[in-house]
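This report refers to the structure that appears directly beneath it.
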Amino acid sequence: MQETLIMTPGPTYVHEDVRRALMKPITNPDLDLNFYEFYRGLCDKIKRFLNTENEVLVLCGEGILGLEAACASLIEPGDKVLCIHNGIFGKGFGDFAKMYGGDVVYYEGDYKSGIKYQELEEFLKNNNDFKVATLVHCETPSGITNDVEKLCPLLKKYGIITVVDSVAGMGGEEFKVDEWNIDIALGGSQKCISASPGLTLLSISSDAWNKIKNRKSPIVGFYANLNNWSTWYEDKWFPYTQPISDLYALDVAFDRMLKDKNMIERHKDIAHRVRHSLIEGGLELYPLDSFSNTVTTINIPEGITYKEIYEDMLNKHNIMIAGAFDFLKDKVIRIGHMGENCYEEKLYLTLKALNSVLKEHNIDLKKDLHQSFVLD
Amino acid sequence: MQETLIMTPGPTYVHEDVRRALMKPITNPDLDLNFYEFYRGLCDKIKRFLNTENEVLVLCGEGILGLEAACASLIEPGDKVLCIHNGIFGKGFGDFAKMYGGDVVYYEGDYKSGIKYQELEEFLKNNNDFKVATLVHCETPSGITNDVEKLCPLLKKYGIITVVDSVAGMGGEEFKVDEWNIDIALGGSQKCISASPGLTLLSISSDAWNKIKNRKSPIVGFYANLNNWSTWYEDKWFPYTQPISDLYALDVAFDRMLKDKNMIERHKDIAHRVRHSLIEGGLELYPLDSFSNTVTTINIPEGITYKEIYEDMLNKHNIMIAGAFDFLKDKVIRIGHMGENCYEEKLYLTLKALNSVLKEHNIDLKKDLHQSFVLD
Amino acid sequence: MQETLIMTPGPTYVHEDVRRALMKPITNPDLDLNFYEFYRGLCDKIKRFLNTENEVLVLCGEGILGLEAACASLIEPGDKVLCIHNGIFGKGFGDFAKMYGGDVVYYEGDYKSGIKYQELEEFLKNNNDFKVATLVHCETPSGITNDVEKLCPLLKKYGIITVVDSVAGMGGEEFKVDEWNIDIALGGSQKCISASPGLTLLSISSDAWNKIKNRKSPIVGFYANLNNWSTWYEDKWFPYTQPISDLYALDVAFDRMLKDKNMIERHKDIAHRVRHSLIEGGLELYPLDSFSNTVTTINIPEGITYKEIYEDMLNKHNIMIAGAFDFLKDKVIRIGHMGENCYEEKLYLTLKALNSVLKEHNIDLKKDLHQSFVLD
Amino acid sequence: MQETLIMTPGPTYVHEDVRRALMKPITNPDLDLNFYEFYRGLCDKIKRFLNTENEVLVLCGEGILGLEAACASLIEPGDKVLCIHNGIFGKGFGDFAKMYGGDVVYYEGDYKSGIKYQELEEFLKNNNDFKVATLVHCETPSGITNDVEKLCPLLKKYGIITVVDSVAGMGGEEFKVDEWNIDIALGGSQKCISASPGLTLLSISSDAWNKIKNRKSPIVGFYANLNNWSTWYEDKWFPYTQPISDLYALDVAFDRMLKDKNMIERHKDIAHRVRHSLIEGGLELYPLDSFSNTVTTINIPEGITYKEIYEDMLNKHNIMIAGAFDFLKDKVIRIGHMGENCYEEKLYLTLKALNSVLKEHNIDLKKDLHQSFVLD
């Protein structure tokens, strides 16, 4: 008798060691000076994970809070913001920029491809007076990973502050904040990091801090105001009581990842094998290129619906996979292979179950999915 | 060998059963329909706890997020807001109102007393065209509990939307949202509720919802925007991935409290005995009246400093108590007796230790604190 | 980063739910009357599991304690005991019988086969004046499961008390105590039951109880004396303080198994597929017939040693498998597939790792082990 | 809402850290060489705890198993054994000696006093040809602690092997195995050590080992046969699969105790204050002298029964205390103050509840029990 295998693109399985840390008795994180050292130690681990010397913060809230905090803190009314998008999440970034008064210009890429370096380069030649550019590293709904490594230095060349949502990327894709000139990098606890949902983390460059500290207008809001954090360690004061149990768990999650020298390789390998087995089976991936290493998005074949696949996977095979939403609703299914879910045996079971569900619905498969996965 | 006893006014001790719930393996709270039922069940428990039929929400963030969400969602630029205050937290409420454009009028009470009904009644006769009034139930820094039972109906008589911060009150003080006409009641997970910090809960009356839904200007911000929650159950859609582990734990915390028929009585009794023993010992309470049942604030006697008390309590007796901040910094010490910390044996140990610390510093005590506590 | 996969023939993986039960705060099991009901409820679950109306007891000690308790309690000096053996454990049973004064006759079967019904039938025709016969259901060292279903009724026809060690069988093999006339059936917590080691369980028929209660000589020993248990429920008295935490966990383990309607089928299926893939690969199983559904014993091929296989599996693939001892030492390796270890994905990983280890040592395999396992 | 406080003389409260260790995932303790080092490390901690260089073993079974193992392994048919007793447990020791063929001579002390050194000295002058003497350190039923420090060297002077049951003593009373010449010292996991019941531990001197190894007759039994353990470390072989989860927990329990420099002092102090408050209240202790520091036995006053006290304590105050059995049944109540139960606040609550129960039954108390306890 086994638990439902949750193979959606996050939240991922939370390892028992991480959950055990949730259980630790707590101290008073406002008063206990040891807690300030703990929090700093955690941030240092995240720095190593993100390959950065930039300051790192963990906020008490879901991933979207980090994104909002970046926009709220950086953007002043009238600031020009470039919203680079090739997917649902990328486009939504623009709404946050506008909410805080940004004058948003949208740069739209092909929604089935990664953002093209040369096209953006061309565009920027005549359009580059932006204070901030927003960009999504891994577009979870479509399963596309943008080439942040090249795009950010390009933007930075024009003095544009880069804000990158890597919630679904970091941990599963290479991610080098300093080398790649990312001013604000955003992540969430519940994707590749495989801790419980409820925390968002971000790194902030000194360029970004400068913009924040030298605003002309005050930041609207307290909870998403990064300025409140500028001297937390010196003053031994947090803007609010810290979610200490969640932070204990996050710390263990980072310990686990920092010990795992093979993490990115594993994601690449598993993702490759998943895609290979789907293609060998005759199925069609949604993206044309720039495939994500953390989530695979598959076009639903003729003859079966999302609901049928989802329910049969769950009820007959005890495995939960995801569909998508917005314009992808009912068009695709998604299999997550991130963090603690990115292990061969889990994908084997998932592909075997999918194989069985499709066959029961008379979908023709050229090869058995799990067998191609194994033979690879 | 025992753990440090954390007797500060929150976060409180988290019972093992509650922490064990943190450890439960999780599902995908976005996709798993059972989770929507769980979340609704949790909200129903909170309704019973708050004695209300109003809608209840739990937000992913510390208590201050609920307060900000109330202000951000209710207040439009130019709205008249009455900030009733007799303490640090009450006054700070006004800052949030102003942040979101409120035209704030401050009504200041005596900082050593509860807000006086008759004085406010008098004031309101000529000043009552407020959209919203903000009020703190229990002023944690000073240990004063305001008579919300009488004050809110008075405000409501003038059609004013009442927003009450009861983060440090609910669970330890009687609290009847519907009977007392509280439009938005705010609480946090980490005080009397005795769950880990990181969640804020609020009840919202239909009057408050009407104001929110009929705004002329859009709400600035997403994370603190209550409107995003208006159809979560019908649409099976949350504004962000829910902090499922923390919610599992909160649910158990409410189960425990709803089973405990004696909870408010216990807080009253313990608080009374604590105050009695301090007064018998010759110490002075900070408030003159309206003593809180969840936290006791004591003036630091001549001949000893906050630092000395705090450190001796911690280092020699393994008990953490709190001081305060702002104008109370170094003037008072505070002992929390809320939720899981509100048990006779814990206060006995705390008072015995305090007795010993004071005596070692040659502070004259008329009677031994722990003995008065026991004899009472 | 994952834990070592322990694929030895027990102790097996202990499910988190079972381990969580270990953690439950305890009561005083000597004084708390609720505990007596709990213990009885647990025994009732075991009865259902064993398909018996016989009394069931759980003793505080490893599996061998149950075996000793059966011998110590049943056998008086001079009693004739038939030790039926076709393996190391079966033969060792005789030592226990002798220790307590039994006059032991050994009936030896082929060590590579199950005990043959007809041969035993023949033997018994002229040799049947035994008080007790001992028999092992599943010989863990060799991976052979004896046909207890037929052998016990045959013995019982002659009025012989049957004592069956099913420590490694029950849960993974069909096991019907009443239908099969098993007087004392023995099990341990750490094999298919998948609880932590430290408990032994046994069912005792009324025939066996009669022999125990009507002994002429006293039982030597207290801890292994079943007579001390004859009125535990009526008298609300246990011979010693019960290992309450271990029993809490065992109870959850039985809850899990009783809910799992497919348990025996799963063992049969996985065991079959494991053997199939090994044979397809050109490897040789140790037994010639009567293959166990809980452990597979494989002859080590020429060109590699046990130590090499064990260490490479562990150090390069993070999987622990077992060798054997006595005359099988260094001759075989054993893979356990019992209880919580009997899941497809675990055997897939194990066979894939074994495949890789053998290939690296230039052992020729006709087919890849894990691929045959999957293709089956 | 709080749990029942279990204030019986064992099993005691098991600290959360110790229970959390129970939950750890396990390895195969038969095959994993690291486990042998772990087990040895645990035994080394126990040696420090017992102040001994003697070999230490932990057996998989309740405390009584250790006692039986000592008798079974040491005593050969016809061996002269001196059973020194002044209580129910001391006398019962003789039964074990007889079970294994011992020729038992009983030396009976006053059942309300500790064994008198001079009287035993006198006795031994003319009666000293014993192979083994058995003795109980702390008689749990009567609450008497014998002066093992003096008695064992006296016995040893005559070359007698001393076997001391300190199940209820070690951890709460000073206990120096080597200095006091104790050949076999016996303990259990569930008393002052405050781990879950199910383990017994013993230290064995080289004199004792010599007797065991040079027996003329074989030891009857396997599970209680210490000889099976003589080369466990060298051979990397245990007589049976070790109860690894329980051992993990025991290890943490010893870590906690070894860190606690004040443990014995605390037991002395609490025990003294408990007795003082009972006497001040006008109640009568059962023993006349040699009061135990781990359990206090109180004569039930006229006008109330054991059942009434037990049930009112449990049902009205949520505290479980114990009565006794055998000739003490219904004559006394017992309060345990051992290990994790030996903290001021727990005894305060217990005495306050007892005070209330007695008063409700119109038992006249000269002073309130909990107040004397506090004032002391």
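The first chain written gets the first letter, and so on, giving A, B, C and D; residue counts start at 1 in each chain.
One rule holds for everything that comes next: a residue touches a chain if its C-beta (ideal position, glycine included) is under 8 Å from a C-beta of that chain, and two chains touch if they have at least 3 such contacts.
Bear in mind the structure is a predicted one, so any value in this text is a computation, not a measurement.
Chains that touch both chain A and chain B: C, D.
Chain pairs B-D and B-C differ in how many C-beta pairs they share in contact, with the greater number at B-D. Of all the chains, the one whose CA centre sits at the greatest distance from that of chain A is D. Between the CA-based centres of chain C and chain D the separation comes to 34 Å, rounded to the whole angstrom. We define each chain's centre as the mean of its Cα atoms; on that basis chain B and chain D are separated by 48 Å. Centre-to-centre separation between chain B and chain C, using Cα means, comes to 57 Å. Across the assembly, chain B contributes residues 16, 20, 23, 25 that each touch 2 or more other chains.
Viewed as a contact network, the protein chains are fully connected, with every chain touching every other.
Interface residues of chain D facing chain C in the complex, by the touch rule stated above, are 3-4, 6, 8, 10-11, 13-14, 19-20, 22-32, 60-65, 68, 72, 96, 99-100, 188, 190, 196-198, 218, 220-224, 239-246, 320, 322. Listing the residues of chain C that touch chain B in their complex gives 16, 20, 23, 25.
Those residues of chain D that touch chain B in the shared complex are 1-2, 16, 256-257, 259-260, 343-346, 348-349, 370-371, 374-375.
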